[in-house]
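Quick heads-up: structures coming right below.
Note that chain A is present in both complexes that follow, paired respectively with chain B and with chain C.
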Partner chain A sequence: MKLAARTYILAVLIFLYLPIAVLIAMGFNESPLYQLPFSFSSHWYVELMSNRKLLNASWNSVLIAAITAVIATVLGTLAAVALSRRQFFGKEALRLLLLPPIAIPWLITGTAMLVFFYWTGIGRGFHAILIGHVALAIPYVVLVVGTGLTTIRADLEEAAMSLGAPPVKAFFRVTLPLLAPSIFGAALFAFAVSLDQFVVSYFLATPGSSTLPVEIYSAIRKGFTPEINAVCTILLLGSVSIFLLFTLFAKPGASRDRS
Partner chain B sequence: MPADAASRTPPTPDRALGAVPSAGLRLPSWLVTLTMLLPTYAWLTLAILLPLGAMLSFSFMTATPLGKKEVAFTFKHYRAFIDQPYLIGVAWTSLLIGLWTTFLCAVVGFFTALALARATAGRLRETLLILVILPFWTNGLVRVFSWTMVIREGGFLDLLARSVWPDAPSLGFLYSLPAIILGLVHGYLPYMVLTCYIALVTIDDSILEAAESLGARKWTVLWRIIVPMAAPGLISGSVLIFVPVIGAFMEPRILGGPRGVTLGTVIEEQFTQAFNWPLGAALSFTILALVLGIFATFSGVLRRSSSL
Partner chain C sequence: MTAVDVTAIAKSYGKVEVLSDITTHFPEGSFTSLLGPSGSGKTTLLRIIAGFVIPDTGRVTIGERDVTRVPVWARNIGMVFQSYALFPHMSVADNVAFGLAQRGVKGEPARREVQRALDMVHLGGFGTRKPKQLSGGQQQRVALARAIVTRPSVLLLDEPLSALDRRLRQEMQVELLRIQRESGLTTIFVTHDQEEALTLSDKVAILDRGRIVQIGAPTEVYERPRTRFAAEFLGDTNFFTGTVADGRVSLRNGMRIATASPLPANGAPVTLAVRPEKITVATRDAAPEDGLTNRVEGAIIASLYSGTALTYEVDAAGQRFKIFAQNRDARPLARGDEVTLSWSPDHTVPIEDAP
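Right, the complex of A and B next:
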């Protein structure tokens, strides 16, 4: 029974990873038409280095993701602390307002942003994508930091205050250092959300400001070479390393307080 | 432990919060709360709420207000399903894709979660869980694209088949409904595994042992105890999958080709090619109403399983 169950898990993992493995392998296959049998070549990676369009899009992606991570983390952390540590009217309603960016299909949020930004003159482009990505990332930051806050006892801060520390000092010297791993985890999460975002960017991008996923999509639609596999592989590598960093940082935050 | 963590950071200037000076004048508490919340909610208003409002008003316009075109108020775009009967077929395709994807994810994901919860433990379980979640962090577009390498004619699937039987006919099924569903199942399966796993690990072993010692067969235990107890996970997983799938447009485009006409692709077309924004907006809001209906129906289950 146990063996059958484990074989089943293995089959599911093969299903999850097989196409990705094929994608990566085809980036190292010489044939521009993806013809098999396989013959190794790093030609497509070399080619990639001189593809202006893809390089520019990659740079845009990383830059937008980095700025998104900073803004969303600062705003989201402030909101998370207020939502979990301060008493005020309408808290439940504010919590509910965090759901639309996560729960509404991106197609709808993306097209709505397109309509509104066009209407108000904000327009499309780098800044528009940035506004959209930050909005999509904030709820995740609030969630991750909020979870971190539940593992930190509020009475530590109260103890500091009863010993004479002003509230702000108590927060910065007691809660914030304990919260740091969660905040860093949230920033990584926001970075990943932005880096992987396609739909919203697709509707807001202009030719010069397109991000990597948008460029990949238009290449898939218009015709492509294994160069696209190469750039996809690099993107995969980026996401996976962020994930590993995230598991490294988000966990110690939780386990440290339990000790 | 907390003490040494606290002592490691240098003293932070008290003005860093911007609103609360440490001594002397102390701002009222409500103002501090407001200052902390305002940036986030102002941003969400600008980027999410106002756009949705703008889209709602667009959906009642006779034409896209580009240039000097006269626009008037109308309900006609909400009648699109009656006026343009082909949309009913499109909606049916979308629904079919959504239901199949959710069903397949539920079956495969439930048993994966069950196997993880009952047949693995400790380090192995942790590693396997991470391996299941990991693809989730990778770009969805890249994963969909990767399937085209596998299921196209002369792709990896054919290579595999021909290594067994050299004259095998092509098994490639790219540009078909099953291809779209396959890509979507691949993309959303981790959701279901996670939600089911969270529900399943809470089941107490002694309940299952009690059932078995009373003579219940494996299938009886599965259907009468495990599945009902995993129901919240199955339901919230299904909601989390069905909702984004019903609005998918990139997967049907890439894996469905000309066959991949769904509500998602029709909406996208209204905004990028046909420039019939009012129709696109009305269709979007029709889907949004469906989505909100689903969330309202299952909100109790969703809240319970998210608090686990």
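Right, the complex of A and C next:
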């Protein structure tokens, strides 16, 4: 039984990681047609450095992801704090409406944005992709920060106020430092959501503003070289680092008082 | 050191009236308990005085200052929360210094004040620790030091001892009383523990369904409860309901009970209350004690032995009595023993509300 279980887990892991391992390995294989035998070469990484299109798309991706992370984190954190700590008109409606976008297929969101942006004159391009990504990332931030807030007792802020701190100061001196790990985790989450995003970016991209996933997709359609593997490996490295940072910092209650 | 007054305070949440027409005076330097069951409005009243809750009507004054519309952070209060609410990311010293920093006290003077406050709660050497590294009782004392270091006009305590175990709670009661006396702070203490309220307070205010049903010194509210609720909430009580007849109260079973308190006119219905420890229980042959002129005969129907004391239940002509007796006799009385109960009219108190 134990052996069967182990074999099963091993099979799952192979299924998950073998294609990725092959992808990474082939980026270091000299053959442009992915032919064996394997012969180590960093040729494709060197090639990549002179591929303006892929490099430009990578830069766009990272830039959009970074700006998305900042904007979505600020807006999402404000929404999460308001939802958990303040009373205002329409609060329940906002709470109900903030999360379903996570469940709406990106294809629909992307189509809707394309039509809406065209109609309102926002159009397509870098700025349109950015707006789209921020909108996609906000619900995740609200979710992560909102969960973090539930572990911070509301009476801490009351205690700060009783000691003479106005509400804004109480928030910045007490709640925000305790919430920092969640906010950082949420920012990484927003960054990853944006970096991985394909459908919305594809719909909203213009020739100069396309992101890496969009560029990889069009490269694959045209017939491609292991440069793609090289860029995917780099992207993978970035994503995995983010994931590791996220698990390190956003572990619920990692550095929080839960008594 | 300032007196606190609340005048005609009312508060409703939707259709639920949490407090209605509360007017009371908390004298300068006094220790007052707000005592009541959950839902009696005691915590809401405290939070109104603190400024976390705005009353629908009425006024709160601290000293000469009307603070009804003044926000919490400008009221100069000290508050201890049930969960202590210590800032987990700050050291003990930083927690205590927080209120001083809000008042512009920083650097060496702040450090001195913090040390003084921590010494006062016997935690002088704990300044660099994090709250998490302290026991519940120690956290409680840090919370107290943090609340008093700013020399607030009033100290508000929201069931601060309820999370502690029994022995620690008794220790903290003594500490709290000492610190309150030393600091001279006007203190308002919310609790649902009647013994705690009686032990600590100069005055006890008993709340029931949003009203103060009685307020007075501990002995006064305990010895002379004005309502059935007050009598029952502060310990056990024997109630007798009858009608006034020739300066006594005659019960339906024919018993006639005397009270030292004034009674209404003949024929009026009245309920009397007698505390279980005021009644002397003796075997039929024992000589009567002086002054205990209320005497009835009955039989023990239950006897509970708990070491220092005994609890008896006695049936006397259909009327049930509960009696607390010291464990002094050679042999505790047992079920079926024929006994005489006697107690003083001084300890027989008519209560005001209908039975």
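The rule is simple: the second predicted complex is superposed on the first by the 250 of 259 C-alpha atoms of A that agree within 3 Å, B and C clash if a C-alpha of one lies under 4 Å from a C-alpha of the other, contacts with A are read in each partner's own complex, and residues count from 1 in each chain.
What we mean here is this: a contact is a pair of C-beta atoms (placed from the backbone, for glycine too) under 8 Å apart; a residue touches a chain by one contact, two chains touch by 3 or more.
Model, not experiment: these values are computed from the prediction.
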item	value
First, second, both or neither for A:36, with chain B first and chain C second	first
Chain B versus chain C as contact partner of A:18, first or second or both or neither	first
Which of chain B and chain C A:232 touches, first, second, both or neither	first
Chain B versus chain C as contact partner of A:216, first or second or both or neither	first
Contacts of A:78 with chain B and chain C, given as first, second, both or neither	first
Touching partner for A:166 - first (chain B), second (chain C), both, neither	both
Contact breadth on chain A, by residue count: chain C or chain B	B
Contacts of A:156 with chain B and chain C, given as first, second, both or neither	both
Chain B versus chain C as contact partner of A:106, first or second or both or neither	first
Chain C-contacting residues of chain A that also contact chain B	156, 166-167, 169, 173-174, 177-178, 256-257, 259
Parts of chain C lying in touch with chain A, wherever the complex brings them together	50, 52, 71-74, 76-79, 81, 83, 85-89, 98-99, 102-103, 131-132, 146-147, 150, 156
Chain B contact footprint on chain A (complex, rising order)	1-2, 5-6, 8-9, 12-13, 15-20, 22-23, 26, 34-36, 74-76, 78-79, 81-83, 86, 88, 94, 97-98, 100-101, 103-109, 111-117, 119, 131-132, 134-135, 138, 142, 156, 166-169, 171-174, 176-178, 192, 195-196, 198-199, 203, 213, 216-217, 220-221, 228-229, 232, 235-236, 239-240, 242-243, 247, 256-257, 259
Residue ranges of chain A in contact with chain C within the complex	153, 155-156, 158-167, 169-170, 173-174, 177-178, 256-257, 259
Chain B - residues contacting chain A, complex	1-2, 5-6, 8-9, 11-12, 14, 16-17, 20, 22-23, 29-30, 32-33, 36-37, 39-41, 43-44, 46-55, 58, 108, 111-112, 114-116, 118-120, 128, 130-132, 134-135, 137-143, 145-150, 154-156, 159, 186, 189-190, 193, 243-244, 246-250, 253-254, 264, 267-268, 271-272, 277, 280-281, 284, 287-288, 291, 295
